[in-house]
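Okay, structure first, notes after.
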Amino acid sequence: MVDPQVDLGVKIGSLMLKNPVMPASGCFAHEYAQAMDLGRLGALVTKSVTPKRRIGNPVPRVAETDAGMLNSIGIPSSGLLYYVDKILPHYVGVPAPLVASVSADTAEEFAAACEALSVPGVSAIEANISCPNIEADGRAFAMSPKDTHRAISEIKRHARVPIWAKLTPNVADIAEIARAAEDAGADALVVANTLLGMAIDPETRKPKLGNVMGGLSGPAIRPVIVRMVFQCARAVRIPVIGCGGILSAGHAVEHLLAGATAVQVGTASFLDPAAMLGIIDGLAAYCERHGVARIAELTGSVRIDPGLTDRWLRLAQQSG
Amino acid sequence: MVDPQVDLGVKIGSLMLKNPVMPASGCFAHEYAQAMDLGRLGALVTKSVTPKRRIGNPVPRVAETDAGMLNSIGIPSSGLLYYVDKILPHYVGVPAPLVASVSADTAEEFAAACEALSVPGVSAIEANISCPNIEADGRAFAMSPKDTHRAISEIKRHARVPIWAKLTPNVADIAEIARAAEDAGADALVVANTLLGMAIDPETRKPKLGNVMGGLSGPAIRPVIVRMVFQCARAVRIPVIGCGGILSAGHAVEHLLAGATAVQVGTASFLDPAAMLGIIDGLAAYCERHGVARIAELTGSVRIDPGLTDRWLRLAQQSG
Amino acid sequence: MKVATLACRVVEHQWVSARYKYLRLSCPAPLARHTAAGQFFQLACPVSEAQAPFLRRPMSVYGIGPEEDRIEFLYHVKGIGTRALERLRAGDALTVTGPLGTGFAFSPDWKRVLLVARGVGLATMAPLVPLAARAGVAITAVLSARAPGELMTQEFLRGAPASVHAVFDSDGSSAVERVEPLLRNLLDAERPDRVYTCGSNRLLALLQKLGAHGEVALEQQMACAMGVCLSCVRLFNEEGEKVFRRVCCEGPVFPLGAVAGEVQFG
Amino acid sequence: MKVATLACRVVEHQWVSARYKYLRLSCPAPLARHTAAGQFFQLACPVSEAQAPFLRRPMSVYGIGPEEDRIEFLYHVKGIGTRALERLRAGDALTVTGPLGTGFAFSPDWKRVLLVARGVGLATMAPLVPLAARAGVAITAVLSARAPGELMTQEFLRGAPASVHAVFDSDGSSAVERVEPLLRNLLDAERPDRVYTCGSNRLLALLQKLGAHGEVALEQQMACAMGVCLSCVRLFNEEGEKVFRRVCCEGPVFPLGAVAGEVQFG
């Protein structure tokens, strides 16, 4: 189990987590209490809820790919009232802060939903601004710095708990979006949601997802997301929570070194529902092995040799 | 070998290819003649050349990832003259059209390079507009519709062979870039280059690439690229050449069904230098097995059930 | 914890027909005690150069015990994952997660049950056979297959007494028009306390049409298999309304009558 | 084709020390005829749930023949790929691509060669031993290792006669200050026609300092291993200029004197 010598605690703004490992939204629910002690997690993050009831996308909703999977669940939701009445009570007494993920169609609906979710039992809200903005032709809020800024500002005006902005990786310049979210008052960033992908069965010629396109997650995307964590962490002062492709403690360390303060684990839990506990134990073991007293020291401590490219280019002068 | 019954030929604008399989730039050179008959390929695509001599990036230049690899070779190049004098002659007599890939720092340099490469022995030029545009702060040309349009227009004014525009997947809306390239006169699109990524060794804390960030290729990226091929093919009338994550004939079929007219194979050749021949044979076998007389029929023929989402939503009305 | 991920060992692994394979595992936990008929496990099919199944594969328990660390599967070698699974040799390791899902309802007080299975559906229903046999509940089985060689009656009954009706595609006896009177007669004549079915949408629809009272085990594409990801939904009629239910945790066993017609969406 | 991808079979596979393993393959082609000392193969290390090496692993041929379908490797179990490789059992399949690269220059007319090896470097130089032995060229070997248990003199010479000088980290005899006079004496006294080295940058630098005439086998991260991807470059002095050369095809064997000092870039 966790070595008491190593301090695994991290701070996400005003929120203290006993360790940096939490689930990714949509990849966790109270049913996992059947497979692990939820109280050992750094935080709990629930599936995105929408203000209104939604049915979700046609099946098949998942398909496997090389070192990853596609999903197009489509955020089925029973609405906010159901969430507060029926979902939240499952977590009463679990000694880990609960983060409610929210999706909405407009900045105003986002704000109203976050206001409604600023209730006891909710320690922070994760605004899934990777979802379509119907005022921008269905383009995700987080695909535009302007829409990001508007949504987060509106939310911050109404919410009474810290707001984490969950970005989409389907952008050209994630640092620009990160700065817009920070400027609008986001308390932390979650980097990132899934990469938009598609797979076709060559035998049937049919798309593997009922919804044709869906989000790619799992180890396949980790290099892309680690790069974005690195870029965002250098662009903002608020904490970055890394999310993408983490199966093991080593993968979590990679995110931390790139600049993440904490990490979210999604797809890995589908392969083993208790995967997060293994990652927490593995992080403690890693810190011990490497003489790291506080895991927070790892954040952003990738060892980049700043002179390398210069030395290399100097060689170019000498070489014919 | 290839079944004579199946017509594997495809047309990329005015260029006829005897089959739709060609190498991806940077993943092929004449040295592969030691491992296969180059004449069996649909076309030959050479490593990007730059107008001037370049040394390339520091080592390590490659690192493996889950179902893929990162590279930051950095386009070392001996310049155009060397290319025409020393590289082109290797392919004289190989019965497959040669496509020269070019990178340059500005639209003007691109145009001049493409003019200089419009020589006998070069059947088409692939403009690698995924490379940094120094007039736009190093942002790749293909990250902006405007820069794409300017570079391709400039190139088209000077080149005397067909121009393929190779797009970058590191964008929010690839269809927009595809349309800009088509409007500017591109004869075909290559979709796409590598996804920008990064990997860190948790043990040494060092980036796995000397250059810190690099391009992700291999099966890990196929779902993202297939989605982009699908989006581009629906956005333009010029042929789309799919490039990303193809290891097998089945993967090539996936690209064709999504909308590609031909495919490029990169990373797969590093695992087996004769991989492309296996893919060609596999495509012939696939066509035979599925009663496809002409492989060109496969292009864009993914079977999408247009009524599915509607039927699904109708259910939503009925359900509580 | 009710659900665990366990590194098991292959004890036996052999072909039972051209396309079906039998697998017996030894697990580092007394799984047999906690596993019920109709429940399933997620199997981590081995990864190889040729095939790299990423998601786990859901498989019903085909047999439970008698040793408390033993569970058995019977599966159809079909795609990437099962082709990889098939290669395991005795002594090899296999990681499984479970037991998962809600199994069949069964009461030892019943007199007779009717089992209607097709293809690999019999693997899912097989654990009902020893339950019934041990309780002295009579078994009638209607087994449907492509041809006599694929019926696997032995594998289904494993020595238990039952009245078996075999129907085949090869001689036309499995056609709906011919199975309908057979089932109608059995329901009328034997008045089974419960009907169970698995493996065929046509048989399910037929049993619904005949108003049979019982349960069906369903399948759906899964990721988490624990009710978390919402990928495995199917449509049901409940109190006059259409509702989605998660096959992995609200099922895979559902009341026969509740399954909505349009099961083959997508 | 000079270079082929071949599905081989493991004929023998065993530990020769705590960290090194010996592997003998049977190949579906008469590889022994076309493979020269200093050349290498790309090995497709097996993929498993625990580890999924994506790129191929370059490994020098440690032995060639005597049967024309046999090649041998001797490797250090180190990271993801070699840990996966290590698990192969006799009879298992292993895909390799090769032979690759430019090997050592050798002439049967020489009188004596000096081989300076450390660690797994001896695997790369081992095929020179039978070449020299068969041609009657005398062999002097300086073998460096962490401790006597890791020296692998038997594995290196495989019965051939040689004058062996062993040095160790454990007793300080491998320190540069102590190896320098040893090498200087050998070069002066024996006047070898050629010096070969592999496995240690310190030994390479020392031999360069001593003005030894000969060859070194280098390593570098690789992807294609055929000169195509430009990933495997290292820096060389050639005619007063610094130039990059591809280790995979212009090497892995290079003239001793040409290797530029700053070899550990990045």
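Labels A, B, C and D are assigned to the chains in the order they are written; within every chain, residues are numbered from 1.
As a convention for this text, a contact is a pair of C-beta atoms (placed from the backbone, for glycine too) under 8 Å apart; a residue touches a chain by one contact, two chains touch by 3 or more.
Note that the coordinates shown come from a computational prediction; the quantities given were computed from them, not determined experimentally.
Trainee: Spell out the chains that contact chain A while also contacting chain D.
Mentor: Both-contact set = B, C.
Trainee: Which chain pair shares more contacting C-beta pairs: A-C, or B-C?
Mentor: Taking the two pairs in turn, the one with more contacts turns out to be A-C.
Trainee: Compare the CA centroid of chain B with every other chain's and tell me the farthest one.
Mentor: C
Trainee: Find the geometric centre of each of chain B and chain D from their Cα atoms only, then give the gap between the two centres in Å, rounded to an integer.
Mentor: Spacing between the chain centres: roughly 37 Å.
Trainee: Please compute the C-alpha centroid of chain B, do the same for chain C, then give the distance between them in whole Å.
Mentor: Distance between chain centres, rounded to whole Å: 46 Å.
Trainee: Could you please state the distance in Å, as a whole number, between where the Cα atoms of chain A are centred and where those of chain B are centred?
Mentor: That pair's centroid distance is 31 Å.
Trainee: Among the residues of chain C, which ones contact at least 2 other chains?
Mentor: 44, 52, 95, 244, 265-266, in rising order.
Trainee: Which chain A residues reach two or more other chains?
Mentor: 55, 58, 65-68, 210, 218, 305, 308, 311-312, 315, 319 - these are the residues of chain A that touch more than one other chain.
Trainee: Once you've mapped the touching chain pairs, tell me: line, ring, star, complete or other?
Mentor: Graph shape, chains as nodes and touching pairs as edges: complete.
Trainee: If we count contacts the way the header does, which residues on chain A are in touch with chain C in the complex?
Mentor: 26-29, 31-32, 34-36, 47, 55-56, 58-69, 71, 73, 76, 210, 218, 267, 269-274
Trainee: Quick check: in the complex, which residue numbers of chain D touch chain A?
Mentor: By the definition above, chain D touches chain A via 52, 235, 241-244, 262, 265-266.
Trainee: Could you list, by residue number, the parts of chain A that touch chain D in their complex?
Mentor: Those in contact with chain D are residues 67, 305, 308, 311-312, 315, 318-320.
Trainee: Which stretch or stretches of chain C touch chain D in the complex?
Mentor: 44, 46-49, 52, 95
Trainee: Which bits of chain A are touching chain B when the two form their complex?
Mentor: So the residues of chain A touching chain B come out as 55, 57-58, 65-68, 70, 143, 170-172, 195-200, 202, 204-207, 210-213, 216, 218-224, 226-227, 230, 245, 250, 253-254, 257-258, 286, 301-305, 308-309, 311-313, 315-316, 319.
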